[in-house]
Amino acid sequence: MRTTSVDVVRIATKGPGDVSGLLGLIEQGKIDPKSIVAILGKTEGNGGVNDFTREYAVSALSAALAPFIDLPPHRVEQRIAFVMSGGTEGVLSPHITVFTRDSAANRVSPDISEKRLSIGMAHTRDFLPEEIGRSVQIRETARAVAAAMAEAAIVDPQDVHFVQIKCPLLTSDRVEAAAARGNKTVTNSAYGSMAYSRGASALGVAVALGEIEGEIDDEHVLRRFDLFSSVASTSAGIELMHNVVIVLGNSTSSAAPFEIGHAVMRDAIDSTAVIKALKSVGLHIEDGSGPPMASRQLVNIFAKAEASPNGSIRGSRHIMLEDTDISSTRHARAAVGGLISGLSGTGAVYVSGGAEHQGPPGGGPVAAIARLSTK
Amino acid sequence: MRTTSVDVVRIATKGPGDVSGLLGLIEQGKIDPKSIVAILGKTEGNGGVNDFTREYAVSALSAALAPFIDLPPHRVEQRIAFVMSGGTEGVLSPHITVFTRDSAANRVSPDISEKRLSIGMAHTRDFLPEEIGRSVQIRETARAVAAAMAEAAIVDPQDVHFVQIKCPLLTSDRVEAAAARGNKTVTNSAYGSMAYSRGASALGVAVALGEIEGEIDDEHVLRRFDLFSSVASTSAGIELMHNVVIVLGNSTSSAAPFEIGHAVMRDAIDSTAVIKALKSVGLHIEDGSGPPMASRQLVNIFAKAEASPNGSIRGSRHIMLEDTDISSTRHARAAVGGLISGLSGTGAVYVSGGAEHQGPPGGGPVAAIARLSTK
Amino acid sequence: MRTTSVDVVRIATKGPGDVSGLLGLIEQGKIDPKSIVAILGKTEGNGGVNDFTREYAVSALSAALAPFIDLPPHRVEQRIAFVMSGGTEGVLSPHITVFTRDSAANRVSPDISEKRLSIGMAHTRDFLPEEIGRSVQIRETARAVAAAMAEAAIVDPQDVHFVQIKCPLLTSDRVEAAAARGNKTVTNSAYGSMAYSRGASALGVAVALGEIEGEIDDEHVLRRFDLFSSVASTSAGIELMHNVVIVLGNSTSSAAPFEIGHAVMRDAIDSTAVIKALKSVGLHIEDGSGPPMASRQLVNIFAKAEASPNGSIRGSRHIMLEDTDISSTRHARAAVGGLISGLSGTGAVYVSGGAEHQGPPGGGPVAAIARLSTK
Amino acid sequence: MRTTSVDVVRIATKGPGDVSGLLGLIEQGKIDPKSIVAILGKTEGNGGVNDFTREYAVSALSAALAPFIDLPPHRVEQRIAFVMSGGTEGVLSPHITVFTRDSAANRVSPDISEKRLSIGMAHTRDFLPEEIGRSVQIRETARAVAAAMAEAAIVDPQDVHFVQIKCPLLTSDRVEAAAARGNKTVTNSAYGSMAYSRGASALGVAVALGEIEGEIDDEHVLRRFDLFSSVASTSAGIELMHNVVIVLGNSTSSAAPFEIGHAVMRDAIDSTAVIKALKSVGLHIEDGSGPPMASRQLVNIFAKAEASPNGSIRGSRHIMLEDTDISSTRHARAAVGGLISGLSGTGAVYVSGGAEHQGPPGGGPVAAIARLSTK
């Protein structure tokens, strides 16, 4: 029996503080603000430590949604999971994707046979600065992933296609706070800490989904890149101290008119994987090589990008890691964003940088959500 | 009768001053330094005004080749056309493409029926700073394109698939020199002048190939973007005051085991055009949708990229023109480079930024050279 | 008779959205929120077109102050003039300076003889995109400056020491809106429009204060750099379409325990001018060359910085205008910020970039506010 | 008895490859190319890993000087110490400082009583990638400093006022080479390795000059910032694998018409130290506070700049370490360059970034060379 349904809406934004598109859909009755469970967004900052577009977007969304859900702005974030990924380099286009969930009672069509899109959320406790990027973060994240799967009514890890995590980073203040307690953080660099936090969080997903076996400890983070999750997508932000976990997958308990699938890019130019992810949900690229599946429509693509740590891609040297002017995460988002946008026909896709332990080194997961024909 | 042949070799570089790959091939007898007519390179600078990797690469190549061709280093550039395009953002990989040309007498196979790759070169006189970006530059460039076509033994403009031009830019010194003569340059901005010079040069190609009709004057440059060439690729550099023109096309007089074709990207995410360019020379993308043509091998792709001037791509807003941290040319190269690399399977492709009047607004030409089976 | 008083408080911020310092002072009774007339801030964005830290700061301040002044957040800006200048490069430290004004009745000491700090505000009507950077903006700004002087009870232009203006810029949308009406904006470049808007606004100040004579027209903006105001400081922001004018000077009607003075930096390394501005309000640099004036204390310095348009400073070439990686405004703020911070002993100074028509080419005004001993 | 003399000439450059100024002085007989021992330059790259302006400048200088000293270009560097420091942010102006040394026999004036400028050079062996940033580099550097002091005929460490070192950095290739030998480098980050190499080299100076006592080991590098040299200035470059050491000080054996002195900036805004360094060689700032010493003339200032590692300067937060768009070394050079240029009246000063263990945390050495009246 289908018990819940999920709706997914992609909305273009005119700036990090722009909530007009969302408010318009609420006013038109197309989105019920009380049913919003998560908003994933691409904002146009640098995606680095000093990217304030993420917290600005969250602040604007919180202020806008607060009156609708009877909460003060600062408490909205406790109810809705906001994941703002900074960086819309190249052809990428700023936007938000709004996920709602509610009881499916009154809209189940009797003939659904396949699993459909389902979403589950959970979060960890706040971390101490010295816990970030280490095994505590891995362990707590794994626990939260399991909780989110349960909430999504997904039993088989194979049905999990994308796990988005928002995780904290270190700042000078936080490093000093740890030092004041006599503890050393995993790095003193704010920028460097983002990689550690993303990496540990991704390893937490891999542990939860059984993608890696055996003990994981501190030493594996950012070193054992052969250990990774094929569906993890983690973003670090200055605005929180805990991990927020969003599990996206397909479930028999969902009556949603959406399906999600994924593939793994083995490197940043893996067009085959992007095409495979599209095909997994019945979509194809528009080069005329295949028949259109008219009843399917792309909602969004979610992918991770990174510069391959060994400095080359299929034998050709890249310069992303040795550029002092543009951070490698910006380079990688721009390139992978260019490929995915070209294959999907739109720049309004979610490509996020920093894929440590998210897919193989230099690669990353790519998931696609398709809307099914609703006649 | 086939009278000339052309060879094209792509060589990876370890830095802008690295000539070891080229010297190695010369020493192995695979490249005859006396037959080199042009070298197109991607160097790893920012591609902007202060990108010194271009002149450094030219300086290193000149010093390396001088002893082989009995010229002092500073005169090598008069014999070999060097076009270094700065900027290998994202997955793009620094490399040079060496074009040689010689008499085909001793290697013509009797059964060639199609036209084959041919190359021709010419250059304009030095421009005054106040001529850059204006009709004088357009007119002189058109004249040089015609001369280069003749040298390549190409009669039909339809057989021209790529026209690479290196053109000058303005610096503070040059602007002041014009002012001292009582003349005003088209802009005072060094960075801005690169666009004017590229645009006027591209319009020169369009005039020469009959792609646009009627009078072209100063006012059209960077304003009438509906006027463009489908095969022009122009790069501005601080190191010269004239235009260098390289025409690449197919000719019945060539015995080269290469073919060139092109398509026009209508925007920066036009995967269809990239695939079309590949197919035009018998190549396909590796997604399993078509049979491999085993006898064909990609040598290189040459493309232009730019941020669409109207601020959006297929209706989605891009942020390239409003980013104060990364110039729009870097954004565009990274994105288009990501797409082309993904479709061709390598980052060692020539994607150059700033496509003013080179293809439609926001788009640009994409040419592919394939090596034919030589068995 | 002294009729008003002004208070000036500099508050460090931990990020663009941080209002905790201001709220703390309000809670301690040190700042009466109802008396706040203007807040000038330095935020840590790039200071360019896509610097969202400015609007984020304004949004956060508006939300924080709204309950205290019985206005909804979006109307706070109509009562309090917020001027956020983006860019705290180098040693510059993010902070806000809060100006309050109220009736001086109950705190006038009978023995004041000199003029004291006074503040006046005014704003223009909204501009059309095509009016920005042109004579309409100059004329309307001049009118607003006169109004603000009157409000500050300053009669003699010599008593005006700093005129801060916040002005609009062009975006792709705004350029298109003008085009849709059949009108051409002064430039299509968002970044370029910031200079035009700052320049026209500064010329408006010069007109109002009688610093330039004769007709000013469109052609003078960004061309006749010999026309300038010695006290204008203008910043462009994406968040408004009108000019906000804040006049700071000394007036006999003020009972404030502050004095303001200024000097004009003739170039970006004019330490003499900085020292002169400090001395004008009884302050000195701490190199031991003069006696301390114990009764005076620096509140803040307000200065403009720019790369000299001719490409050199006192005969030495600078690279600010030819750097494609870092905009010249960021370079200039970092350098002038380094000098002023070194001479004043703190990085929490207000140095704003883009000094077109604000001081001589390559230079800019530098004003200092000192607090007098209050025993 | 004075046995040697030194000449110091500062020459402006028009670009990293510009050697015209130097060649002009050689042709005019003002510089004897055979007597050149060292050239310190500021080039206009980003000063980071991918700053190719340094090696381009060395390449151009080597090619230009080779014919004069009867060496092939690639061997010139073995005779002349080239130290190119990348990054001329803000008001800094690209230039080179040429040091020559020869027998003083024919120009000693009999009445010299004070010590005069002397220069000595030495270099270490090539390092393995895994030795960079560790105690081996410290120890070998200390040995080279002692050798350079001996060559400069400086006995008392107090007479050493500036020790410039050029040191290697890690690249992806070098990290992999070490890994292939089973060894781990101190970091995998190319950018990060620059700090390690600079830090270890500076500690080597401190050891040689007795500035620190006790054992120094690997763990102290980039951690014990209370250990530092007050006269070390170290720059990392991709173009070498050994350390080049240049000692500048005053010696009784020198007959040079120059004197050098130094002070230590305790932070990046320490104007007092800059003024002190100028005064130590008889110079003053031009604010009218002291009498000019007509017989003295500034030749150049040599200083190091860095972002204070604790994130603040005299209690005010700076954003240099948390900016993903501009590296902290660029921020710091721009700011300190602004201060020193303002106090010395010229942007053609040598301010180099990355002051790890060079002066106290956030500070750095500042040395000044003055030319004495030669009448």
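A few notes on this one:
Chains: A, B, C and D, in written order; residue numbering restarts at 1 for each.
Throughout what follows, a residue touches a chain if its C-beta (ideal position, glycine included) is under 8 Å from a C-beta of that chain, and two chains touch if they have at least 3 such contacts.
Chain identities (UniProt): A, B, C, D = Cyanuric acid amidohydrolase.
It should be emphasised that the depicted structure is a prediction, and the values quoted were computed from it without experimental measurement.
Counted by C-beta pairs in contact, the busier of A-B and A-C is A-B.
Centroid distances from subunit A, each centroid being the mean of CA atoms, peak for D. A straight line joining the Cα centres of subunit A and subunit C is 41 Å long. Subunit B and subunit C have CA centres that are 46 Å apart.
Multi-chain contact residues of subunit D, defined as those touching 2 or more other chains: 14, 44, 46, 50, 312, 319, 323, 325, 330. Contacts from subunit A toward subunit B in the complex involve residues 12, 14, 44, 46, 88-95, 268-272, 274-275, 285-290, 312-314, 316-320, 325-326, 330-332, 334-339, 341-343, 345-348. Residue ranges on subunit B touching subunit C, taken from their complex, read 46-51, 171-173, 176, 188-191, 309-312, 319, 321-325, 327, 330.
Residues 14-17, 44-45, 50, 52-53, 55-56, 59-60, 63, 73, 238, 325 of subunit D are the ones touching subunit B in the complex.
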